[in-house]
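Data first, discussion second: the structure below is written as structure tokens.
Chains here go by letter, A, B, C and D, matching the order in which they are written, and residues are numbered from 1 within each.
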Amino acid sequence: MKISTAFAATIAAVTLLTAAGCSSDIPQTNPSASKGAGTGEQSKFFVQADYDREIALRKVTPTGPSDKPWEQALDPKLVDTAKYKKAGPYHLCFSNAGVGNPWRQVGFKNMQAEVALHPEIKTFTVADAESKDDKQISDITDLLGKGCDALIVSPNTTATLTPAVEQACAKVPVIVFDRGVNTQCAVTFINPIGGYAFGADGAEFLTQKMKSGGKVLALRILPGVDVLETRWAAAKVIFDKSGVDVAGVEFTDGDPAKTKSIVTNYIQRFGNIDAIWMDAGATAVAAAEAFEDAGKPIPPINGEDQQDFLKMWQDKKLTAIAPTYPTFQWRTPVIAALRILGGQQVASPWKLPQPTITDANLSQYVQPNMPPLHYAMCGCTMLPGYPANWGGKS
Amino acid sequence: MLLELSEVSKSFFGVRVLHEVGLSLQAGEVHAVVGENGAGKSTLMKIASGAYQPDAGAIRLAGQAVSFRGPREAQAAGVGIIHQEFNLLPERTVAQNVFLGHEPSRRGFVDRGAMHARTAELLASIGADGLSPDATVGRLGVAQQQIVEIVKALALDARVLIMDEPTASLADHEVQVLYALVRKLQQRGIGIVYVSHRLAEVFDLSNRITVLKDGRLVTTLDTAQATPEALVRHMVGRELAHYYPPRATQAGTERLSVSGGGNAKLRGIELRLCSGEVTGIGGLQGSGRSALARALFGAQPFTSGQVLLDGRPIRLRSPRSAVRAGIAYVTEDRKAEGLTPRQSLLDNALLATRAVRPQWLGQRARAANARQLLAGIEVHAAGEDQEIRYLSGGNQQKVILARWLAMTPRVLLFDEPTRGIDVGAKAAVHDLIRRLASDGAAVLMISSELPELLGMSDRIVVMRDGAIAGELPAGASEEDVVGLATGTRAAP
Amino acid sequence: MSATETGNAVPVRSEARRGLTGIGPILVILAVFLAAIAVRQPEFYDPPSLLAFLKRAAPLVILAAGQYFVIVAGDFDLSVGSLVTAEVVIAARLIDGDPALTWPVIAVMAGFGLMVGLVNGLITTMLRVPSFITTLGMYLILVGAVYTWTGGSPRGALSEEFRMLGRRGIEGVPYLQQLPYAVLVLAGVAVFAITLMRADFGKVLLAIGDNPRAAALSGARVARARTVAFVLSGLFAAIAAVLLGGFGGVSFQVGAGLEFTAITAVMLGGVVLGGGAGSVTGAMLGALTLEILFTLLNLLGVSGALKSAVQGLIIIAAVAVGNIRRRS
Amino acid sequence: MTLLRQRLAAIDSTRGVWVALVITLTVGGVLVYADGGSLFHQSSIVSMLQRAAGLGIVAIGQTFAILAGSLDLSVAYVISLTSLIAAETMAGSEGNVPVAIAAVLAVSAGIGLANGLLITKLRINAFIATLGVGLLIKGYLEQGYAGPAGSVPTSVQRLGYDRIGPVPLSFLLMAAVAVAAWVVLQRTRFGHHTIAVGGDLDVARLSGVRTDRVLIGTHIICSICAGITGLYLASRLGAGAPRVGSEGGYDLESIAAVVLGGTVLAGGRGGVAGTVGGVALLAAIDTIFNQLAVDPFFKQVVRGVVIIAAVAIYALRRRKAGRP
């Protein structure tokens, strides 16, 4: 029995250390003075050309009404849609990847409100794929049988939805937004500048604010989601050339508790962390709290336009920035659909502006009456049913 | 020699349970194996049938040295076994059970026609054609299941058939059927190893008898030369002074009475149990004996009629209510209903007390009390926190008795109290039952063993078809009981 | 099988030794991990950071204790993860930043946990639905219901007072600096759980997990005991929710996957699925070990993606070795 | 005659779910009609059957594991893994299809074997063993893949999209698997032994059944079915996806479908017919709610209730029938 218990120990130990050994670049010196894990290899999603274009787009001034960013477009190429022209009332269909996170929640509310603005939309049929590729494909088949005049698609993943979207293009005008598909058959593809810009905005800010050679911890939700991968890819490029020490890249599953544990571990391991980069704002507050709880000042950090972070930023006077992936983009597809069915030209691709919240404009986005995870950049404040439908208190 | 085991040894968890035991069997011979529980009989049988592998020793089948790596190989070699506990799947049909593990198949598919036909044949061959091969086993009675169990062994065309306590769950008239069957098989030249506690059977059936004790071979003798007394001496290593303790001198006061008791399995039950008295319950399997005990214990409550305990009416809704009222029930099926196998024997002894009189503290006092009881009834074990599943049947039964003694019950219900228990422990249990009675408890004792029933009871109530067929005084004869039980004789 | 030396003596064994049976392996594994940490990160053993660790580990340990009662009685509770999420989201919406509501809402949470446990228990015992299915269904129901109720994203906010329990502690304790409330709660829960299992309830619960029929025929109230086990699991989940919500704040991810982690922890602690064997101490140590493992992986710089793989290996290895040991 | 009675008995245990399905479809049909739609519109039927296909094949595999008294929590990750293996091996070219299929079957069978060995040889509880293996695969996927990879030639995509009238090829594939599984369970020794092992392990062993082999066999079958689902999803998605399995919740949903079908979780009782019914029921509920545009979260609640209720009813019926 003694032997076998010892055996247990060895097994456990061996398993552990082998597993650890194979992915740790830490030099076997005095551990507490260890260098960061580095940024690792570049993501499979990284495309230099797209990166350059997005970085450039950030400087472009949008065309269109400045008070309605969701109708603006960045150096648009207009396409003719006369062949889709038809008289109302319309039956609009929407295949939604899912509403599994607050961002999509807020966005979907925006879209519904936008639809409500247009009496000419008689019916608005929505199929929710519960973030299952397979279901979304069936959903699209299903919707095509319902006599939609136009189909809006928010794909769950890029590659996998392509066949289904091509199928749809043959029958009705299709508008794709948020995430793209590998086909040009859609009338237009609507999204903001994109992940590279998001990632770069945060990373550039941090590299400016932190001392050179400082340690930055990169927190990511989970691997393999293209919109998130591009954010990290851009940040990586910037960190690599700015010569900051990336202490580590960790996945949080968007779980605050887990995030906090990870950050606490890093603070312990490296004595201190000089900046926090995040690929999504959901857990920014938790990350910041980890420093509070450890009795350390909160370092430069980037979040997103969620209220809990903006509020903390304001209250605690953080050194922070909030690049956004604006939820107002959910309004645009409806507008686009109506223009297409009206035979008006639309931008294709339709690049929306991607505002960034800084100390300068922070105050105008803090909305104490809205729920903690509400996204400020929703362009919804003037919509009917606001704030109640978005969970806010009037 | 058909089958020959020589110098077989086996240990479990460091405990040596077989020491170089030998056993031989000729074709057409019935070789009985007897011995106290824990003597190693079942282990030896499991080794012979491939369920266990011996640590040392050899097995020869028809002169060929064999080593079975599993039951499958033993069966292939023609060694079949009828286990003490049924090995049947209640959800499946008779045919599916009979041919489980060796289904006849054609072109890779199970040949259900053949399976059905063969089963029907086999059933007929032992005069059980009443049983349908398509009946779901779970819906059959115990006796019928026993028959299926036997047919299952026959289906292997076994040259050697091991019967481990085959009559354990049979009523006497069913035992007769089994005897006939055994003799029939014997004539077919099949060698039969017959394990039993019932000495009568052993003398009726066997050609030779092997006695085991504490995992060692004591002797093998020809049945012709053997006498019961000698056999018992070999088994327990001592003469049994008196087999049954003396009866109650005077009947006590009425403890518990049932009038018009009935439920799904019982009707019109009129019964009185008196303090100081052992009331025996006779009858065939399924005649409602156990149902009566379960009704009195609230496990399958009476739906009609009235029960008085010490003159006060009482509703026995659940075992708990019965236990609280001071009724104890030692079940027929120790493994399924008595033991909590992975708990220590101390915990098993304390189970009822803890369940019904829970406490936060004061565990030590209880443990002390339980230890006294266990010591008092001579439980043998390596330690009080040994898991009870590693104890012999007799010791397990004693622990369960201790569980109830700790509750100082007023009424005790025993269902086959000495089933699967060796002669030595048997006497101890009998003494204990009698002592409990003379200490003022009312005892109800169900037994399929007529000698036990007649030897222990102050009164014998015989049941038939869920009703009471009649009551017999102490000293009644076996014929009286059987007559009432089978309905061939009216109540006196 | 084990007729020993003559005489009727049944040797008595010491309480202490009985207490240790079964948790040997987990202690060894724990020791190995602790040693590994000592090598990699001596600072870990400074009282403050050690307490900080315990604070983070507390919720899982509590969940494991709750899960233990259910498992040892022969059941499963797959609903705890979603229950934790539901509790936190409910708390946020009810409190909505109002400090005055903190304690009332904590009471509500406890009540809700008890209720969910009760429903799980009654469905499992009264309707005879396998607990795996009952709690799987409850899991779906809770997730769905809480999303529906909040329209898909958490509303309101937790008050600072509420979050104190999971975040802060008693300051200025000599030598420790800060004594986290979470650690105090954990200690309380642990003492309660261990006493409960030493008392008759615990022993009977074990017997029930081992052989319900025998227990029932000895007068035990099987259905009630099993239900109580579920209720305890629900209550402990509520407590864990208070700590987790306090520690991390409100989100829908807070409880995700916790049910499996908790069950894993209990297994690691040498408790047998199917019931009847294993100690609550072992279960809680199992949870602690798992948390240590996660910390260690982090200190070793194991990339996030590999963590689940390592977790998988450790579980299999630990349980396998436990079995080999039990058989030898 | 007797065979007929046997067949009736076999159906009996799994009849309930079909009744439930009919009721659901009628009620659902009426509701959808009242809502101004049509449940039996070609497109809805197609998507209903499509949805059934994927889950169906996994669930049929899961049926084997559960009938044998085991269960498999690793299927979701096996599906993701095999979808990737398929798509990457094919790499868009017809030629590689046979290799890809072979690879998928080999890998999934290997995983099933691993599960089986852990459970039988190391005596690890199936719940833990398959959970652990699942985590291992998950780690591999997260480490190795940053999103969909590989590509499937159009000829294979036809499997995912083509249909005969309203019946998709994929559904026919599931039907084929179902029939095969039914034959195996009813007509082969392995099938009989599977049910025996689930019914009572000791009885099976003492009756000469090679219980370990049977258990391993069921797990191999279970994994292979997951592999086939992976292939199907790859054909449907045109690529392999590292999270298609877990996001689809195929692990718990397949188990749910099996028990919905009246198979006892403890094993030894039930069958494929029921499982197919269970899958159909889940798909029907799904489609109806889609048509009625019911909040997907509320749908979860209903799913939960349905599963519990169904199993409760089965338990009740069995007690009425006087069996444990």
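One rule holds for everything that comes next: contacts are C-beta pairs under 8 Å (C-beta built on N, C-alpha and C of every residue); 3 or more make two chains touch, one makes a residue touch a chain.
No experiment lies behind these values; they were computed from the predicted model shown.
J.: What's the overlap between the neighbours of chain A and those of chain B?
T.: Where chain A and chain B share a partner, that partner set is C, D.
J.: Can you identify which chains form the pair with the largest number of contacting C-beta pairs?
T.: Max contact pairs: A-C.
J.: Among all other chains, pick the one whose mean CA position is farthest from the mean CA position of chain A.
T.: Checked the centroid distances; the maximum from chain A is B.
J.: How far is the middle of chain B from the middle of chain D, if each middle is the mean of its Cα atoms, in Å?
T.: Whole-Å distance between the two chain centres: 44.
J.: Between chain A and chain C, what is the separation of their C-alpha centroids in Å?
T.: About 34 Å, centre to centre.
J.: Quick one: chain A and chain D, Cα centre-to-centre, how many Å?
T.: 34
J.: List, in ascending order, every residue of chain D touching at least 2 other chains.
T.: Residues 142-143 of chain D each touch two or more of the other chains.
J.: Quick one: which residues in chain A touch 2 or more of the other chains?
T.: Correct list: 23, 99, 223, 251.
J.: For chain B, what residues touch not just one other chain but two or more?
T.: There are none in chain B.
J.: Going by the touch definition at the top, which pairs of chains touch each other?
T.: The set of touching chain pairs is A-C, A-D, B-C, B-D, C-D.
J.: Mind listing the chain D positions that touch chain C in their complex?
T.: For this pair, the touching residues of chain D are 118, 122-125, 127-129, 131-136, 138-140, 142-143, 252, 255-256, 259, 265-266, 295, 297-305, 307-308, 311-312, 315-316, 319.
J.: Under the definition above, what is the set of chain C residues touching chain D in their complex?
T.: 123, 127-130, 132-134, 136-141, 143-145, 147-148, 152, 260, 263-264, 267, 272-274, 303-313, 315-316, 319-320, 323-324, 327
J.: Taking the touch rule as given, give the residues of chain A at its contact with chain C in the complex, in rising order.
T.: Per the touch definition, chain A meets chain C at residues 1, 4-9, 11-13, 15-17, 19-20, 22-26, 31-32, 34, 37, 40, 99, 101-102, 105-106, 220, 223, 248-251, 253-262, 264-266, 268-269, 282-283, 285-286, 289, 293-294, 308, 371-374, 391.
J.: In their complex, what parts of chain B are in touch with chain C?
T.: Chain B reaches chain C through residues 12, 15, 17, 38, 214, 297, 299, 319-320, 322-324, 329, 331, 336-343, 345, 347-348, 350-352, 354-361, 363, 371, 374-375, 378-386, 390-392, 403.
J.: Can you list the residues on chain C that touch chain A in the complex?
T.: Of all residues in chain C, those touching chain A are 24-25, 28-29, 31-33, 36, 39-44, 49, 52, 56, 59, 92, 150-157, 167-168, 244, 247-254, 256, 293-306, 309-310, 313-314, 317-318, 321-322, 324-325, 328.
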